[in-house]
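Two complexes, one shared chain (chain A), two partners (chain B, chain C).
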Partner chain A sequence: MNPAFRIPGAGRLSQAKTASFSFDDKSYAGIEGDTLASALLANGVHLVGRSFKYHRPRGFLSAGAEEPNALVQIVRDDARKTPNVRATVQELYDGLTAHSQNRWPSLAFDVGAVNDLASPMFSAGFYYKTFMWPKSAWKNLYEPKIRAAAGLGVSPDRPDPDHYAARYAHCEVLVLGGGAAGIAAALAAAETGVRVILADEQAEFGGSLRFESGAKIDGENGFAWAQGAIAKLKAMDNVRLLPRTTAFGYYAQNFVSLVERVSDHLKSPGRELARERLWQVRARRVVLATGAIERHMVFADNDRPGIMLASAARTYLNHYGVAVGRNVGVYTANDSAYAAAIDLKKAGVNVAAIVDLRDNPTGPAIDEARGLGIEINFGRAVIRAGGKLRVSSMTVQPKNGGGERTIPVDAILMSAGWTPSVHLFSQSRGKVAFNEETRRFVPGTYAQDCVSIGACNGTDGLDATIDEAYAAGAKAAKEAGGKAGKSAKPKVDASESWSRGMLGAAPGAGPDTTVKAFVDFQNDVTAKDIRQAVHEGMHSIEHVKRFTTNGMATDQGKTSNMHGLAIAAETLGKPIPQVGLTTFRAPYTPVTFGSIVGHARGALFDPTRRTATHPWAAAHGAVFEDVGQWKRAWYFPRAGEDMHAAVNRECVTVRKVAGLFDASTLGKIEVVGPDAAKFMGLLYTNPWEKLEPGRCRYGIMLREDGFIYDDGVVGRLAPDRFHVTTTTGGAPRVMHHMEDYLQTEFPHLNVWLTSITEQWAVIAVQGPKSREIIAPLVEGIDMSDEALPHMSVREGKICGVPTRLFRMSFTGERGFEVNVPADYGEAVWEALWAEGQKHGATAYGTESMHVLRAEKGYIIVGQDTDGTVTPNDAGLDWAGGKKKTDFVGIRGMARSDLVAKGRKQLVGLKTKDPKVVLEEGAQIVEDPKQAIPMKMIGHVTSSYWSENCGRSIALAMVAGGRDRMGQTLYVPMPSGTIEVEVTGMVFVDEKGERLNG
Partner chain B sequence: MLLIRCPYCEEERPELEFRNAGEAHIVRPTNIAGESDDDFEKFFFIRANPKGVIYERWRHIHGCARFFNAVRDTVTDKFVMTYKAGEPKPAKLPGASK
Partner chain C sequence: MAKAAVKTKAAEASVERRPALGGRAVSAPGVKVEILPPAERISLRAPEASVAALSKALGVTLPAKPKTSEAKGGRTALWLGPDEWLVIDEASNDPLADCAKVSALHSAVGISHRNVAISVAGLAAEVTVNSGCPQDLSLEAFPVGAASRTILGKAEIVLLRTAKDTFRVECWRSFSDYVFTLLSEAASDAAN
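Moving on, here comes the complex of A and B:
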């Protein structure tokens, strides 16, 4: 069955290869190679959508990427419902399912169309004016309603099951646009042997040669020549062809992002194919051959389905073999629409009349049309289109007024002229220049190593285009290091040529305020809206754009920008260049989030770091928490235990017997060299010169501003070697901070810094039985308190492997941290665990670690401090070297406001009701009865249930806290005010006897 | 994505390998503890924010890890030149017109 509007013998598709598809649940027949648009048109379907604001019926305006109207939802399955797909770009495949958008209950009868009748309410700036007050109503009432009514398709509500690929590429010459110009440039460049990438958004290269029936190159029809040239390029090793690929962003230093649609055109893509591929290309030279986009005529009701660009009608006929109507009218202000009329007439379509706004144009196209017997009306305007769901007539009037005549038509082909596509040029930060004679913006000043050729450069005619393109391709290649090419430039035997046209509103856009002559179809902006914006005081095009939303839809004003600008300029009485052009921004066409995200999602979103003991912990039921990129064992619940019970048991067992804890994630940096102690002295508040090898010290690192930056235990292994530990989260920035000072402020110091975080697994064994657990496995280290006192470090062996054995404690109990090469981490852990089992030791996780350290008042930098806390604020003055004359932060911490009285200080808090556990971050006040807003004097930084204390404990930053010991303060919470007492920070073993217990 | 020339690697590498490290040519006083409030304020808090040429420190953090200096134009985003840490401010910039 041949659909009614498919013309036998026309177009390039093979009629034998059929594909069936559905649109709004109705089945249709198409042909492989069709777009959804051409296939629908072949079936006589023009009505495909409703407009954004007024819900007006809409059809196809174009046959390409600039399409503002024909946005549909393509549904493959529940998770693959892609909204806002341009039907003019979507290639047909057998079984394709599409739905129209933005209509309810049906496309032909849409309740939202009442907006069209109520349209005076929705004029320019209506969002700003109508919904100003009250503020809360915007959030709760207006915005949800507007969003629901003015949708552009529905997002899928399931995770995207497709995958997206990404490639980086380098080349000498990147050619963007595969029409005649791009192909000629690529040929010239490729012959020199340099790497060339040629990209085009269409499935087949050829650009406007798809519809230009009059083009002849090297003795062939233009499109056939293009296919031959592409075959030649494809055979060259130095050329990469990227069809279905849109360059959407042009960034600094010739870095261009392109998206390739890999499988959206396939019936069953299969799992192995990506849906799209993001290309990020760095090119020595970029050749812009992005062509031009035809503009529509601005007249009343110019949006009725069946009214389209003349070049689109030609494309549907000459490439897809589809007639867009049986009785078409033409409305134009330039020659190119004549070619469309001629092609359609020759294919057997009746051309009711050509209406030409120009007074007495002459030329071969006009002569040919006249010769075919087509009625031509000069100096006349189409002032109105008839019909609603499909255009039914055009009303013609002399442009200076006079009698009206209505001509029945079923389609109107229009052309106001061509706008060079300077989007990518503009994105490259090139400055466009307005050509007064041709009245168009063309590339002016270049900012990068690129060149524009052909229609996007304002070059008219195929001959001139090929000349320019071939020379530009050769030059770009030569500048990028290519050898001289040898083959000949393509020869143009025949071409079509047109230029000029009009900008702005035609007489049919009328001064009448009820007329809807659309400038921007996608955002429903009319000529009247733009005039109104100017009258209301918007004098800059940037303001006009935002007030009217002209050019701000997903088509980025490809067809509307120049018209909008011209209408604003005319209303302002200023020349166009003075009103200015709005900025073009990436992306050129909408880009899926999937292609930007690529593989970086789920498990691949961010690296996951696991310690050596991770498998053991997982096998022993650990619940893990994310700490930065690390997975850390949080707690080890036994059967029947919840988190609370597990943590209580772990904490009690550590203080009664012992516990094993994986501390491998702590940052570790080795500071080595003759000046290592001097360097440590400059980077930490503490004195280091006199620390004996084999001893450890708790170090505090400040920023130059005097605030605590990091902390950790540092062991001196040798006079010239320090083993520094940092917080888990602080490791990279501490290393960066150290390198910064070493390289730029203290380069005279002979010191090397090495990150050893991942080289050493660290097993903390803490508790009264810790020594008994470790000792049997250790060789070569005297474990007695005399030989290995608290805060000391020895090198030796454990389980036969090297160890740096630290005697240190983050629990307040006798404790050790066993450092072993990470590869042995799990084995040594297993051995220690086996020893621990003999004593009834437990494994404990980060939660118990937090509780145990809080019971001792040990701070965690970043939890109990927040970047505005000095050592004095944290009660750590004791750690500073009193006699030191320099260290990073020494001056900053002496600033007047940092030594002033009344600063917040870290203290302990005990709730009056011991069972109540405070919320971390809760605010503290002196007087709970004061009026709101209350004066907040501090906040809770750490808070836990302590099973060891039989009560809750907390740390807090409180103004003048150390002078408030014993005071009662209050923590107001939604459920009531909590009474607390200010205490010291140590809740267990105040004298520190258990360190040797 | 910008290409930045590391003066140590002597190569242009993508921006992703680098990290900005603030304004360049701010020397930490040798007797910092003795600085007056005003001098410390100038040293620590006050930074240039020019429209045009700015002198910055960058670090080739995912490369050779060295800090170096760069001259960048804040209007065009372009790197005018880069040079090693410790080298003086260039007397003349390549291609400078003013």
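Moving on, here comes the complex of A and C:
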């Protein structure tokens, strides 16, 4: 079946390649190369959607990316249901399934259209006024209803099964826009040998040459010339062509983001194909050849299906071979609509009349139209369109008033003129300038190394465009390092040219209060809305925009911004440049989340870091917790154990026998150089000069403001070499902090820092049996208390592999931390585990580690401290070098508020009822009977059940805490007030005898 | 000398070495991504005055030019900063021991186990790496021997071009799963 509106012999598609598709469950026939829009039009379908606010029936306004109306849902399968696809850019494939949106129960009969009748309720800014009273209704009634009504289409409710690729690229010349200008610029640049990328949003390059039947270049029809030029570019190694690719963001230093639609046009894309590919391109020079977008005429009911831009009708005819009607009317304020009328007339379509708002225009287009016998009406306006689901007539009146005449039509082609697409130029931070003569904004002041050419630069005529483009391409390439190329500038033999037109509302757009003359189709903004916004006090275009939502839909006002601005300016009585233009922001057209996310989902969302012993822990039933990017073994439940039982058992076993713990994630930094001790002294509160090689010290690092930044045990391996450990979470920032000070404050010191976090796997063996477990595997290290006392480090071998063996404890028990090269970590762990099994040792995780250290009052930076805690607050004054005169934070610590009395200090808390475990973060008060809000004097920082103590234990920051020993304080909770006693921080082995036990 | 020392060490070890992702490889049209065998590595820091002595001891000239490397006898020195080199030894010799003999001011720290090396080889190798690395990897900007500490997606890497169509990607051990997986995914799109 040959669809009724497909004109034999017209267009460029091969009639032989058919594709069937469905729209709202009805099957149609199309041709490969069609867009969904052209295929529907070929079948005479104009009604494709309902508008957002008023649910007005809508058809196609355009044939391109600027389309505000024809948004449909494309459904591939249960998981692939893409809403808001512009039918004008969706390429047809065999089997394509599309549905209309924003209608119920059907497109032709939509209950929501009652909004159109009730439209006085929905005037500009209605959401600021209508839903104000009663106040309580907002939350329960208005907001849920508005949210349900807002948004178009239905989001898919399953995970996106497609994948998205990403690529960085560099080039000397990036040409954005593949019309005549872009192709000419790319040719000139490519001939110099530099890398050129040419991108265009359409499937085929050519831009407006798709419809400009009057263009002839190098003796060929314009579009044919474009295809030849593209073939030539494609054959060049230094050129990359990116069709179906939209440049949507222009960022600093010529960094441009583009999205390539890789497989949305394919019937059944293979799994290996990404759906879309994000290109992030850094270009030495950018050539903007983004063209211009035609504007509609603003008159009453100008949104009826069948009313469209003249260039769109021309594109459907000349490229797709589709007539948009059989009896079309034309309403224009510039010459370009004449070309459409002429092309349609020549193709056998009746042109009922051309209505031209201008008084006495002259020119070849007008002469040709007249010669074809088309009726032309100058100085007249279309004041109204008839019809509802499809336009049926246009009512014409002299523009200064007079008798009306209604002409039956089945389509109206309109053109108010052309708006240069300065979106990307504006995104590049360039400033646009208003040209009073041509009444358009064009690129003014450039902010980056780019150049605008052709229609987007306000250059009219193909001749001038090719001249400008070719020169710009050659210049950009030369500036980017290209050699002089052989000049082969395309020669323009024939050209179409038009400029001017009108901005704002035409006579049929009001001023009465019920006329719906649409400015912004997608957000249902009419001329009267703009006027009303001004009358209600919005004088800045930014306010008018937000009050009316003009230009705020997904089409970003590509067709509406200039009209809206002109109406606002007219109402304000100000010239357009004084009212200003709203800012263009990325993205140029909607971009899928998928393409932004790219590979970064699932396992690649963020690196998941695992230690060397991870497989062993997983095999032994460990439950893992996330600590930053790390997976750490949290606890090792045995059969039948819950978390509490496992942790209780682990904690008791460590103190009775021993436990193995993976401490590999702790940050490790090797500090090397003759000035290493001096540097350590400047970065830590502690003294280091006198620490003997082979010994360790607990170090505290402050920020300049005197607050604790990090802590960790540091071993001195040699006079010029320290092995520093940091907290797990602090590892990268401590390294940066140290490197920052080294490079900016202490560059005179001969010392270097190397991260060795991942060089060493660290196995902590803690408990009274720890030495017996380790000793049999160690060679070359005397393990006696005399030779290897608490807080010392030795280098030797374990299981035949090198080790840095630390004697240290974060449990209060005799303890060791075995450092081995990471690839040996798991095997050494297994060997230690086997030894441990002989004694009944346990593996323990981070939860038990936390409990065991809290039993000893050892702090965890970031849990017991919060960035406002000094060493004195934390009871760590002992770690400071009393005689030291300088270190980072020494002056901060002396600030008056840091030495003032009554600061919060870290203390222990015991609940009066030993079974009650406090909540971490709970607030502490002195008198629970005081009125709310109570005066809070502190908060709980750490709280656990301690099986070893047979009771709960807690650490807390309490104002003047160390002077409150033995005091009773209160923790008010929703379920009742908990009584606590202030105690010291050490709950187990206060004398520290077990370190050698 | 150093060679013998390492061998003895290996012979003495009573536990096996388990390199991260050992042996993993993925092939896609035009590119192969695979984990490379373990190598000896040091992070070398030194002022200009020590460069000659260290170069002599290492048997490879420490490059002074940004984004370059020098290779000799299975040992490669990568320029990472004005006073920083990554030295990779794939011939089982011990660069740490070689530096230990140098009295000139320097810092040499063993990081053999810190890094994992991944090879990306084939005509689509450049595109594969460029899927996550923002650098210009054309042969003009990043010729054979070029080296750079850079990023791949959300991970830091050191990138070395070992041949026209071969890159060595070095990353930290715990990031190797992420880096390898990202390169594998990128490889599947690279030839398209």
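Please note the rule applied: the second predicted complex is superposed on the first by the 986 of 997 C-alpha atoms of A that agree within 3 Å, B and C clash if a C-alpha of one lies under 4 Å from a C-alpha of the other, contacts with A are read in each partner's own complex, and residues count from 1 in each chain.
Here, a residue touches a chain if its C-beta (ideal position, glycine included) is under 8 Å from a C-beta of that chain, and two chains touch if they have at least 3 such contacts.
Just so we're clear, the structure is a prediction, and the values are computed from it rather than from any experiment.
With both structures placed on the common chain, the touch criterion links A:170 to chain C but leaves chain B unconnected. After overlaying the two complexes on the shared chain, residue contacts for A:821 are found with chain C alone; chain B is out of touch. Once the two complexes are laid over each other on the shared chain, residue contacts for A:514 go to neither chain B nor chain C. Once chain A of one complex is fitted onto chain A of the other, the partner contacts of A:445 are absent, as it touches neither chain B nor chain C. Residue by residue along chain A, chain B and chain C are tallied for touches, and C comes out ahead. In the three-chain superposition model, chain A touches both chain B and chain C at residues 280, 282. Across the complex, chain C meets chain A through its residues 9, 12-20, 38, 43, 45, 47, 83, 105, 107-115, 127, 130-136, 138, 141, 153-155, 172-175, 177-179, 181-182, 185-186, 188-189, 192.
Touching chain C in their complex are the following residues of chain A: 163, 165-170, 195, 262, 272-274, 277, 280, 282, 599-600, 603-604, 606-612, 629-630, 670, 672-674, 750-752, 754-760, 797, 799-802, 821-824, 826-828, 830-831.
Those residues of chain B whose C-beta lies close enough to touch chain A in the complex are 1-3, 19, 21, 28, 31-33, 35, 37, 40, 44, 57, 59, 61, 65-67, 76-78, 85-86.
Within the complex formed with chain B, the residues of chain A that make contact are 251-253, 255, 280, 282, 429, 447, 704-705, 736, 739-740, 743-745, 747, 885-886, 890-892, 894-896.
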